[in-house]
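What follows are several structures.
What follows is chain A paired twice: with chain B in the first complex and chain C in the second.
Right after this comes the complex of A and B.
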């Protein structure tokens, strides 16, 4: 990842090249320890290794080449921003969430200390000039999921060229749906203004089919993980979901379907990454952005295997597809609105469907336990950690709630807690 | 039956229990220091025992010296050790150097729900050690001083650093050292109670870990729980004992 062939590219993007190379070196080492050290990995993981090794290189080059032909790039931080519309406008859609502590000190100059690391991280990456994706964006789309993000975009917006904030309602009543429907339209208009392209019904229909196909591939992968022995590590499956926010959607879909073919062969042979009977855990809660692999690594080096991620970088982003039976623009915008309003983010109240989803997922994936992951200072998920605990007790599913951040100083304590939890399962 | 050894490498001290034919035949304790590996070499001058189970914060470290050693968490180890000494215990409280753990005990010393303090040392042995130094006292002297208090101020901060600030403010206000010390001990106990409540506090409670040697914490726990906690004769040895016991139940 510390390949210097892209140095000129990074210089053109005005990154802090020296700090950026140091970051890539750390990331490369981290990736080696956490990913390349795994045994029994799938052949298809080569694609993951390649994408990640070129995540700040070839993919950025590709995006820059597309920009040279007049394409626009839209950066987002949340699964509420409809990728279908971005693609229908002929733009590139990338996720900007970051999972490293880099730039935190700079972020704290414009954000309260009691802000979660996910927010501090994307602000820090911008202020420290470490993210080639942010620097490639023609429009950055924020959203009002939580107070931390909502207010951070005010400060963050001052340092970027164009910012659009999507209002996400916090209830699911008819008036909230109407509000979100109008926000979908407002986003469509912003894209049309940005790209100069009109979003036609045909373009939106096609883009919706593309994104549905991507979600279907991820759903297929998720379902295959119900097999025992687990055919893919939780770390690799998380990486697949992480990469879904960076790579070209059509290429990604093809590669993941190939990966799923290989997994099916493996399942048929009764092979896996861990022995049959290894304790199986479902992670639920906050999203884990690259390179936030801390908890999956701890879990999978404590004698357990992760079989699902109930998070935005996981199930929450892939569960629902958009209905494409209506092909007129209004019908498609309605279908988009309905699909996105199904998201069971903790920003909603009362959000009881999330509890049902977790219990159902644990059952389908034959999970022996659920670990709730809350990012320190993420109030919505911290509240739900209690509710999920109660729901799991009622469902008879062993449960452990963990709150942590991007720092490494609590590795020892986390390892003890996770190992002790795994001990109670075997 | 072969010999089994249990080793507990904590943040403050290392304990060893050796068992043969179902009985404890030897035990020792030494400080962890900043060079635990050298301490382990000193503990095993003739090399580590053939069957060794290691627990505690430094459990992975022991593998450097003894690759065949097996590891279990201190949560499981303390539960097994404490349940052997007090089979009637239903809840385990372990306050060690840097962690506080509350565990619901199932029959046979199996672990039910458990809770553990987060990364910070609030309410742990470290909290007592740190605040004791504010008074220029050792932890033992500090515990004895606290027993002489009668009207403790309420120390609201659970943060070790802020608690010191609060203690300093109280001193400046003329509150007696004994009362401040008692207030700080009470802060630990109330913190502990919330952990215990989260695992569904069921009597009897067995209290282990180095802080179980502190008479003031024991007295305050007795007052709050309405019954004396069960405290083993050597409350810091239960982890090592549990590790050795666990090894007895596994095939070599």
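Right after this comes the complex of A and C.
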């Protein structure tokens, strides 16, 4: 990741080039230790390694080239922002960096200390000028999913050129659906204003098919992980989901389908990344943004394999497709609204469907246990951890709840807890 | 407060009588130290002392007597729940205890540790069976103002007989107003179901006039505090606002107007609770529920006097009246919706009106400085503390931001900080 062939690009984006290169060097080392050290990886992982190595390089160059032709770039932090609309407006849709402890000190000058590391991360990346994606954005879209983000966008918005905050309601009653429907329309209008393009029914229909295809590829990958031995590591599968937020959607879909072909071959041969019978774990909870690979690394170096991610960077983003049977604009906007209102985010109350989803997923993936991952100071998922624990106990599924942040100080303690948990499953 | 003449009553309510008596003994001592020790109190403070001494006694007896005649009791935790509707349904509306560290250990068995003390308090009061109000309730109404409360009600709801959660939106756009309008109607329907009474236009009009009168009395008190010397201590004024959530609204209004008459006489004589020229402070931020008197006590024993409370137990609850010019049901429900949607809670984004309100209030009350009070782990007000600080600095108003909880461990440290701040104002 630390190839300074892109230095001129980063200078043009007014990054803090020195700090940025130092960050890339650390991440490169981290990636080598966590990813490149794995045995029995798929050939298709070459795509993942390449994308990651060029995540701040070639992909940014590609985005800048598109900008030079008049394309606009929209940055987001949440799976509630309908990518279908962004693409239909002819813009590029990217998920923004929020997985590393960088710029935290600067972030704490405008955010409370009791803010989760994901929020501190994106604010820090901006204030410390470390993220070429943020600097490439023509519009940044926030949302009201949690208090931390909702209020952070007020301060963050002052440091970016254009900010749009999408309101996500608290419940799923008809009045909430109506509110979110109006928010979908308001986002559509913001995109039309930004790009100068009118979002037509045909363009939205096509974009919806594109995003559905991406989600289908991710669903295919998720289902293949039910095989024992596990055909892909949890780390690599998480990386696939992380990359789905950055790469061109059509290229990504093609690559992941090729990866899935390879996985099918591997399954047919009875091969995998770990021995058959290796304890299988489902991770549930907060999203793990690039390069937040700490817990997956701990789990998979403790004698277990991760077979699913019940999180926004995982199942929560891929479970539901948009109905494309209606092809008129109103029908498509209705279908988008309905699809996004199905998301089982902890921001909703009561959100009991999430408990059912986790139990079903654990069954489908033949998971031997569930680890709930909460980011320190993330209140919505911290509350749900209690509920998930109760539901898993009732379902007879072994359960471990972990709360941590982006720091490395608790690595040893976490490893001890995870190893002890894995031991009970063997 | 610790009169065991009411022991039979508490036993009937299935309180943990022993722990409850211990709690009352502590509170009685605390009240004596903080309230009864004050010099130059108003005669009308006798009402406050009496209500507080009987807050778990005679008032509960009165509520139980009303219940015996078929009245229903509704308990709430937030100023967004329209008292007008509760009264129009012929029910009693009470704010529930949330200001003491009691039952916290029990609360932490179902809540994350990074939950504010206000939430831990009401959950703890219930789980430890310490609050006769909660035990008297036929319906408890929560709301979605913050992540902590929204998610806590899911666990809390399982331990109470009937729970209704009112959805408060995140923004103030037309779609939010429509959502809250439907929530007002949903609450009305819940009350009608609970009480068996239909809420008529006439009943709602009358109830609205009753609640407006209560708010007018509190507004009158607030305005009188602009006088120098300050005619009433901040502690007593806070207590008035706290009691407004417990006592019968009509009796309360009468008593507070009598208190205001006395204050006017005092002002005419140039008398007050502190010398003219004593540094005057406005408290802004989180609500201080009974018996959370820690910070006011520290401030007023540090050479300053508090002249206003910009909080839910203060201005945020009393600033706006409901328009009663329309007398039909739809018109009244619209007026209620509009009034409640004016509340400048930190749950809204962007909520810039709050900054204007604080600046205006500081001017009106001739405050020499503003102290922002944040409850540890309250994310919405922690974020706003940064914004208030910036706005006060721009307005040239001295500003101090304090974050604390219900513990007494930081009393010394807080006193040092407050004294240093007050010194800069003298």
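By definition in this document, the second predicted complex is superposed on the first by the 425 of 426 C-alpha atoms of A that agree within 3 Å, B and C clash if a C-alpha of one lies under 4 Å from a C-alpha of the other, contacts with A are read in each partner's own complex, and residues count from 1 in each chain.
Rule of thumb we're sticking to: contacts are C-beta pairs under 8 Å (C-beta built on N, C-alpha and C of every residue); 3 or more make two chains touch, one makes a residue touch a chain.
Since this is a predicted model, take the numbers as computed values, not measurements.
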Quiz item: In the superposed model on chain A, is it clash or fit for chain B and chain C?
Solution: fit
Quiz item: Given the touch rule stated above, what does A:424 touch, chain B (first), chain C (second), both, or neither?
Solution: first
Quiz item: Which partner does A:252 reach: the first (chain B), the second (chain C), both, or neither?
Solution: neither
Exercise. Write the angle, vertex at the C-alpha centre of chain A, between the C-alpha centres of chain B and chain C, to the nearest 10 degrees.
Key: 70
Exercise. Would you sort A:384 into first (chain B), second (chain C), both or neither based on which partner it touches?
Key: second
Quiz item: Which of the two, chain B or chain C, is in touch with more residues of chain A?
Solution: C
Practice problem: State whether A:111 touches chain B only (first), chain C only (second), both chains, or neither. | Solution: second
Quiz item: Taking the superposition as given, does A:416 touch the first partner, chain B, the second, chain C, both, or neither?
Solution: first
Quiz item: Across all Cα pairs of chain B and chain C, what is the smallest distance in the superposition, given in whole Å?
Solution: 6
Quiz item: Which residues would you name on chain A as touching chain B in one complex and chain C in the other?
Solution: none
Quiz item: Where on chain C does chain A make contact in their complex?
Solution: 110-112, 114-115, 144, 146-148, 150-155, 165, 167-171, 173-176, 178-179, 182-183, 346-347, 349-351, 376-377, 379-380, 382-387
Quiz prompt | chain B - residues contacting chain A, complex | solution = 57, 72-76, 99, 110-112, 114, 116, 118-119
Self-check item: Residue numbers on chain A that touch chain B, as the complex places them
Solution: 403-404, 409-410, 412-413, 416-417, 419-421, 423-424
